[in-house]
Structures are given as C-alpha cells and as structure tokens.
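I'd like to ask some things about the structure below.
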C-alpha cells in the first residue's frame, strides 16, 4: 500500500510538471482478483492506480503502440524486472528510444510489493545482472518433471496434444511485447510458410516458429501463458529456449539496451558439437 | 500384401559453394550412395531458414539434413556462423517438442569432401531407416486431410 | 407430475443413445480446459462448471473445416468436395446461452446461401439445455433479454433437481421428443421440485445501449478509443464467442494439390480488413472493437432482428486485458 | 499461365544409362504448366542448344529446366542460350541429374524416381522465377589510397600509371611511412631511402595523383563505385602554395629539443619541421604542442624568417569532399609498445632499444649518421644482443601471431653491425628462424656464417645492469642450460601490431577487422586483397604483418582490382541480391547486424508533408553479395533474395 501511494504521488508530480505525458499502470479489474491496464493522463486517473502482487501483466507492449512515442514526449510505465528487460530488448531492436521511457519499477514477494530504484532503464543494469547471475529458483511444476522423463516420441505426443487445443486466436502473439512485427510471418502468404488453419499441424508450426522467433528475446514475463485461453503451457517452451541461449551463448535476454540480438550475431567459437 | 521395404525420404538443404560442390565431387568421383536424398541448393547456409525444415517434414521427409561450409570457409565469410547459431537453437526447440535430433541433422561438408558427403548420406539413410518412418508427423499431415470430426 | 431423469441413470442413457447410433456429446472437464466433447460414459460428463471454457459453436462451425480437395492437372483442376459429416448426435448439457447462440447464427448461415456444413450438423443434433443454477461475475444472459433457462435453440430443457439427483425433463421439439423416446425407460414420473434457476443480475440496459449505438453521431465518439485503449487485438473473445461466425476461405497444400478450407477469422485482427493495396479501412484497434460491438448490437439485429450475443460472458472471462462486451455496454449505459 | 520447357539431357550414356530419360520426359510432359518435355543426347552441344532456343521461340516458353549435369557446369551456357532466344536468362534452372543422380546411384528405378523429383521440383521453382536484370552501378573512376607508405605509393602509382585518377591521403606531414625510416633492406642490403625516395617524388609529381599529406579520412559514405569521402586537411600553419621548402624557418626555430618521431626518439627536431630531410612534400608543419608561440603567444621566429609569408598562425583545418569509386586502405602498422616487457628493461636502460631504433642508428641519414653508437654515452657497443619475438608468438604478454619480418631484420641488423663495428660480437636469442622467401634463408645463413652472428635458441628471462654493462639472462635450449651474455646494447625485435586507431578507423570506413585490429580480407584464400566491403581493398601491413615485397605485391594486386573496376563506366553485378518489403519491415535492424557486407542501410519513410513515419531496411544493390543471411533472420519475412526467393524455395520443397 505504501508503494502504491508513493507511486500515485510520483506519477501525479511527473504529470503535473510535464515530465511525462502518460503513465501506464494497473487498476482494479472486473473481479476482485483481476487487474487491468490503466492509462494515466490526469491526477484523477492516477488515483485509480493499483499496485499489488497481483499486477502481473507485462505492460511494455503498449509502448510500441503506433504513434504513442512519436512526439518524443516521455511515458511512464510500471514494470517488474521482466518488463524492464523487455524495454531493453525493444530499445536494442530500435522499437523505442529508452530515454523516452520513465520506469516505475516494482517487484513482489508473496503479497509484499516493493519499489525498484531507478527511472531510466540504464539504472537497472546492476539489478538485471544480479538476476542473470542468480536466477530466481524457478519452482519446477509437475509438468516440468513429466516432460523431463519423456522420450522424444512421448514429448511429441505431449506437445501435439497441447497444440491440438490451440485455436489460433494469437492471444500469445498479441500479448507479447516482443511480437511487434508489422506483419507476422503467419500472416505472410506468399508463400504461406505456416499453415494458417488451426489443425494440429498448423498449430504446431505456428507455436514452434513463435518460440523460435522469441529465442534469446523472451524474458519469461508470462504474458503469453496467461493470455492463452486454452491453457497451452507456453512458458515451458520459452523457458527451455531461454536456458538454451544462456547456456549456449551466455545470452540473458534484455540485459542492456545495446545488447546484440543473439541470433543476428555470432562468435567464431560458438559450440558446434552437434554438427556432423 | 508383400512386405514393402521402408525407403526413407531425406531432404538436404545445402549451400552451393561447399556442400553442393562436395556432392558434385562425389558424382565426378563416381562414388555410390543411397538414392534417398533430395538436395535443395541455396547460396549459403545463412539463407536456410527453419521454415524450410518444417516444410520438408510436411512433404513427408523422414529426415532432414542441413549442410554447408566448414567454419572459416564460408564464401560469404560468415553466413555459416549465423546459421550455426540458428541451428543450435532450432534443434533444441525441435528436440524439446519431440522431433528427435536424429531426424534433423547438421553437417559441414566442403567442396573437397565428396567422400564425406557420400558416406554421410549413406549413414544418415541407414540411421533413418533404423528409426523408421516419421509416423507421428505423417499422422499430423493425414489429420489435415480428413474432414472435421463430430 | 413431471418426468425426471435421475443422474444415476445417465450412464444407461448414454449407452442407450450410443447403441441407437447417436454420438453423445456434453461438457467435459479436461486437464487444461473444459469444453463440449464426445463421451462414452455418462460419468465422463461434468456439470460442475458454470460454463465450459469453449463454446458450443465449434461443434457446428469448427475452427478449420476442409471443403474441397483439389489437384492441378496438366489441363484441368480436379476437385473433390468434402461432404458435411453424417450421423446423429445428442448434445447433452449445453447452457442456455450456448444453445441460444446456435439459434442466433441460424439465419446468418442460411439467409442466402445455405451453409450445408452448418445445417447438416444442426439438423442432425439434438440440443439438450440444462438450466443454470449457478452463475459467475461474467454471466449476462438476462441483460440480453435471455435467461438461464432460455429454451432458445434447445430441443429439450432440463431443470436440475435438489442434490444434483437429476433433472426435470421438458421436451420442446419433435427432435427432442424422439431422442428422449429412446431413453424413455429411464424417465420417471416424480414430484421432485426443481432447484430455482439462478438469478443473473442485469448489468446494463440493452435498449439504452442499442439506441446509443444506432445514433450515427456516436460512430465517431471518442468513447471508442477510450474503451478499447488496452485491447491487444487478439481473437480470444471472438473465437470463444458462441455467436461470432466470421470465416476465411484458404487454400492450403503444396504447389499442385491441396485443400480448400473454411477457417475462423476475427474482426479483431488488423489483417481482417487489410486491402491488397495496403490500405486498411479499420486501421485502429478502436475501430475494430467498435465494429465488433456495432455488428453484434446494431448491424446484425438490423438484418436478422436478433442481437448477435447470447450473454455467455466468455469474451470478458477470457480476455487477457480484462475487457469485454459487459464493460463496454455498461459504459455505454452510463453515457 | 506458365509454359515451361523441360530438356532432358542423356549426356551420352552418362545419364541415360541409369536414368530412364524417356520415362522422365513423359512424366514431365504430364506435369501442369509444362509445355515441352523432350530428351536429347547432348543439350550442351551446338545443335542441342539450338534445339533449346528453337523450342523457346516456337512455344513462347516462360521458363526452362535443363535436366542435365550440375549447374556449376553449364548453368552459364544455358542461361546464355536463353538470352539468345529472347528469354530472360534467369528464367532458366538446372536439374542436376548427373553428378547428384545418375553417377552416384546403382539402382536404375530409384535413380529415375529421384531424377523425377529433382526435375519436378526445379519445374515448380522455375515457374516462380522472376525476370532479373544485371545490376548496373555507375562507377566514379577515381581511387582513394589511404596511407603513403610503400604499399600506398605502389598502389597509387600503379593505378595512376594506368591513366586513372588517384587521391593519396597521408596523415603524416610526409610520404614514406615506415620504409623511409629503414637503413638497408633485406635480403639485398640496398639502401631503403635510395629505392624509396624516387617513388615518393614520382608520386608527388604524377599528373594523375592528387597528394594530400597531413590529412585524414574523416568519413566514408556510399558504396562501391560511389563513395562519398570527406578528408580533413589538418592545418600545417604553412601555406603550401607559397612555401618553397627553403628551410629558413626550421633553422630559426628556437624550440630545438623536441624528440623526433621519425628517429624514434634518438634524434631531435624543431617545432616547425619536416620529418626528415627527404620529406615529400618538402614543406614543414608546425607542431603546435611544442611551438613556443602556440604555448606562450610569443615568438613567431619562423614567420619573421619566412621571406615568402608562408607562415599563417590562423590557419584552420579544412575539409575536402570527394567522389570516389574505389578505396585502397594501406594504413600500415606500428610496433608494439615494449613497455609490457618490464624484464627487458626497455625504457629503464637507455641501451635497450627496438629494432626500429636500430634502423635509425644504422641509417646514413639517421641521428648518428649511420654509426652504431649507443644512446647512453655515444660509444660504439662491442657486444650486442638481439632478442627475437619480443612480443610476437607470445600469447601471455604479446600477440599470438608471428610478426613475420623480425627474423629477417634481426639477421640484417647483425650483418650491418658486423660491417660497421669490426670485431663487434653479436648474440641473437631466437625461438625459430623463419626465413621463407626468395633469398631469405641464404641471407640468414650469411649472417651466421660470414658475419659470425651467434644464434642462441631460447628466450630471455631478464636484462639488468651490472657495472655499466647490460646482463642478458636467457636459456640455451639446445644446450639445455641457462646462459648470461654481457652486452653493451640490447635490440628488441618488437611485434608488428595494427595502428592504435585501426579499429576505430575500420568502423569509420565500414570494413571488418580481426581480434587484433588487422583488417579482414573478404576471403582469406580467394579474395585476399578485398575487404569485406565491396570496393574497398587492402594493401600492406594493415591486413597482417608483411615485408616490403609482400606489401608491394599486394598493393599492385589492389591496383589491378581497382583498374578492373574502373575498366567500365558501369559495374555489372549478378542480380542475386536481397530486397526488402518496406511496408512490412519493422526496422529491428537484425539484418544490419547479420549482413557480412554492411550492405543494409536504414532508410527513412516519410509522409507527403515530410514527416518521418518510420525507418526501414534498405539493401544497397552495390554492396549486397546475395548470401541471404539477412533473409532467414528476418522474422517478418520482409526480406527476400532474388533468384532464391521464399516463393521459389517453397515451391521447390513442395515439388519434391
């Protein structure tokens, strides 16, 4: 509550003195356990700001809304560490100017919410490096263990079962801050690389290509996983790919606004034990 | 019905400067290898997108081979270094989703390695033959051709 | 006296229907989601949820449907049509909103071209609605002038009796009567009273909303931008909606053979109205959200005299950013 | 509607013996879009080609597939035939059914089946081929040579002598580079100045060469044939149009105790100076850091002494913008700072010097007029120790590579010393003697056999001073024991390293460099004098350590590359290049990073009022080499590669 109140005051001040033209945060949702995105432009709207441990959505995707940043005015945004990493990637991929973003960082343990020090993305580099070096112990869920024990055939069947539910609503893509393409590859039809139909093959192709495009870019904010209306455990794939680029290339997505995209760069001594 | 021997279908994506030339050398040296491979020629391994692999599988490939110049030999100086990273990531992704690395393989074959090319095609064909047809993927394809259920 | 189907006889009924050649479909709780699916036993059915996660629509209008397979030959193109699936089926335990959705879409699929896939399935299906005794924060059938025990689209209406012991059977149509004749041996005359239907509070005044929507001045209201600002443009609302019916025809396959398919499409997508030229008449997400609301409550009723919404609330329930029809119409009511 | 011709070649018996060509032709004839499907014994023969041309004309074919040998054999042949028949040559594809089918398979049925797949997939590809035209890039026939050392001079002269314009930029006040500092050169022991000076003069006087000394390249934009180069002319404070090089100002300059860079600190110069007596141009510059006027605001002795009013203290840096067609980078090297080897005592003991300093001592025009005198007391050293690999081949403190020239120049130094100091004794610590080159091994043998240089195989661990002598402690690995040599002077064969600003400069002009800062060639073996950027060539030691003959050969090679480029008004290039769909490009610039050729630029998209809407990638057709690395990176599928488009490959795979 203290954090929330303090941030309300800060946002009001920054709006009042013209430092920011808008702040993107959270407000109460349609049920007590829901929070919804809030666009704060006035002091009254700032009073609606809610900041608690249930504020999970990574809001950074809203920053690349067409036209939002084109007037070069600053925009504030409430972000967890994953969200801050998203800002770094968006900056590294030239989708926004990091200096235009005023970060209201926060994190939570249990129900406690605490603010993170810093406003500009650069000020969080120490924090992000610490997270890289000491990743939060991800509590392995039963699914993890199940998949680990599977052989290739069983894994294939497992994922096909999961993907068979997909309805291609693209909520995963739309919720993802990294999916900022003007035209998604699935919507590119000359040629149609990915079967648009929502049969299992088309669903598999879609999900695997999205996971590939997110490799080295996903910060595991969980937006896609939460958005999926049919509960496909997308987090597991993205986590797996994040581990792959971390182990393989020491790449921790979103560490700095100048980080080189891992799949557009290389090292001459990259591992190649798998190549015949 | 007589027992039909399973003949694996293998699609190879190769760069024109090294592996394609290596395959030509296998030919000019009259080396013999299994006829199961179909070669798609690209300018560089850097041009080989993961989509190609998925489409080869959709066309019923039981195995896919991707091959290019050895590190340092790339005609385009470092297309193959980029490719190597993509392969490693894509391969891990396929593996995690149940497409065994034994079905999607990567190699470096230079223009001088005609015999390596022939040997590799033989061993890959035999490996895939042992693995059997990629029934699971072909089942997915079959599903797309059947009417909606219920 | 009323006729009652006791739950402990459901297994027998399912077996009976199945042996009579009907596919039995009903709400099923899977590991990840709940939906309507075919079952072999009555015990596979699950009536505990307010509403299955996925709507009934997809059993009549699947997300992807092959229509024609084609092969391009040297001098002609050979085609083979897929025929709509044959076979009677009984859908046991739909919710009133889902069943209403079918009735809402019937005129759409039949007003000029009769969609044989839709009607084949419609004609072969018996819809057994169970009146709701529970609701959640998102239910809004009453706001749409429907009810938790609406008979719209249903062939049979069941009203639960106390302790979940069974249902009072009200046969509504000939098709319903025929289906229940098969299991008549399990229907008992009994005076058990029905549990009262849940009271779903009215969330907005539909007439006010419609009037506002019909006023051409409001087409360009800045309300649309405000209300849809957080919309991310996914299709989860449209794809889970029991009445949204847009589709796209796609040819899929290799370079000389393939299948022409009917796939779900959504007005939420920017691509939905994108012209080849690159021009997009609905270039913003607010224009797309406005279209969805206008379509459901203004254009569709204008053509078919019925709102294209049955109040299931799935759009709001599943929305990744907590939007939905409810909120929008509530806000319109306040204008 | 596609009208494809399929031409199946028997190649005598080479294909027909294994592949059932008749069956193949019949099957292809039934394939949709195929208008003609014929077989013939040798399509590459004249009558074969004629029949292809006739079929193209008679049937108005929209594309052809030649099912025959590898495209590496006859693609060019058949594309030419296409063009002659009026069909765009890029509408021809080759189905390789010889090298990759008939020659390598034994089972005839399976080979035929494979040949069908191969041919069919090429038919599907060619249906989607686009008409492509060779890319024409206009060429500005003016070369820029950066660096006035021996490599730069050679390149400039070769290009200019062929009649093309050259702009030569040298950042020092005079041409010459390192070669001008050398005394004699191996393996002939001819005087460096004697062979260098005429080259410098010839360059300066050449009508086709515009010489810009005391100038630096500020920026390079554009691409092959069309570079826009900005040169900064550093202010000399001497008006070159007035100065005659009389040298009066230099004599009058009161600041005389400035350490001479040219003499590696062994000699002195004035604040207004020419680096050496034979400087070209022979016009001084004022070193503002040492000039009394610039420091204190008083003096102007030079100005007073100058009869021609050539001294101008108000002079400012000037910029020259040039249009350039090709660039030769010959920026040379520097020697490694030997201070990293504290144990050798460089900097601490004045008589521990570098090889380059020894060159100055041995040079007739040097500070000692060619006498070998030690820096500390000006006495002639009687014992000299040379330490080879003082930096090279030393991963721990120095550099991993071999500097290539040190074995030779150390042998030369030993010989020069022996010739100048009779009775003097030389010891050379070495790791290996690398004397590969014409007359090189003979040369080192002479040093040992005739001039009695004593070679000790081993490294030196420490140099210290004792009783006015330098004590050199090393190990003789052949004897397997430590040795200590008493010396009057120690000469270090320091490593050749890139210029300290090499990386920065490379970024500035857009070429790639290695971990050390040496410039990367486009291909180590096949394209050793081209940089990774088209139109930029590399000469001399900026690419890797080189001796004079190697530098000159490479310089001449770059000249021939430049002249080949200048041989036509327009540069014709294969149209297999990447193209971008600007409507869908998200401007993430992953392609810019992935491109090995810096061929992708950022392009502004503006609305009618000029407001910037977005930035998208633009592939420069002059630079793109067509590898396609960017295409498969592009997440939105905005980039594509002509000749190997997504549509073509999709069709090819789907046709299998």
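As written, the chains take the letters A, B, C and D, and residue 1 is the first residue of each chain.
Here is the rule we use: a residue touches a chain if its C-beta (ideal position, glycine included) is under 8 Å from a C-beta of that chain, and two chains touch if they have at least 3 such contacts.
Computed from a predicted model, the values in this text were never measured in an experiment.
Note on interfaces A-D and B-C: more C-beta pairs are in contact across A-D.
In terms of their C-alpha centroids, the spacing between subunit B and subunit C amounts to 45 Å. Averaged C-alpha coordinates put the centre of subunit B at 37 Å from the centre of subunit D. If you average the CA atoms of subunit C and of subunit D, the two centres end up 69 Å from each other. Multi-chain contact residues of subunit A (touching two or more other chains) are listed as 185, 193, 195, 197, 199, 202, 263-265.
Within subunit D, the positions touching two or more other chains are listed as 583, 594, 633, 650-651, 654. Within subunit C, the positions touching two or more other chains are listed as 64, 252, 254.
Taken chain by chain, the contacts link every pair, so each chain touches all the others. If you check the complex, the residues on subunit D that touch subunit C are 30-32, 34, 124, 127, 583, 650-651, 654-655.
Against subunit B, in their complex, subunit D makes its touches with residues 70-72, 96, 98-101, 103-107, 110-111, 113-114, 117-118, 121, 512, 520, 522-524, 526, 532, 576, 594, 596-597, 625-629, 631-633, 641, 643-644, 649-650, 652-654, 656.
Against subunit D, the residues of subunit B that register as touching in their complex are 7, 11, 16, 20-21, 23-24, 26-28, 30-33, 35, 38-44, 46-50, 52, 55-56, 59, 72, 75-79, 82-83, 86, 118. Remark: subunit C residues 23, 25, 38, 59, 62, 64-66, 69, 82-83, 85, 89, 121, 252, 254, 259 touch subunit B in the complex. Looking at the complex, you find that subunit C touches subunit A at residues 32-33, 53-54, 63-64, 137-138, 229-230, 232-236, 238-240, 248, 250, 252, 261, 263-264, 266, 269, 271, 316, 318, 320-324, 326-327.
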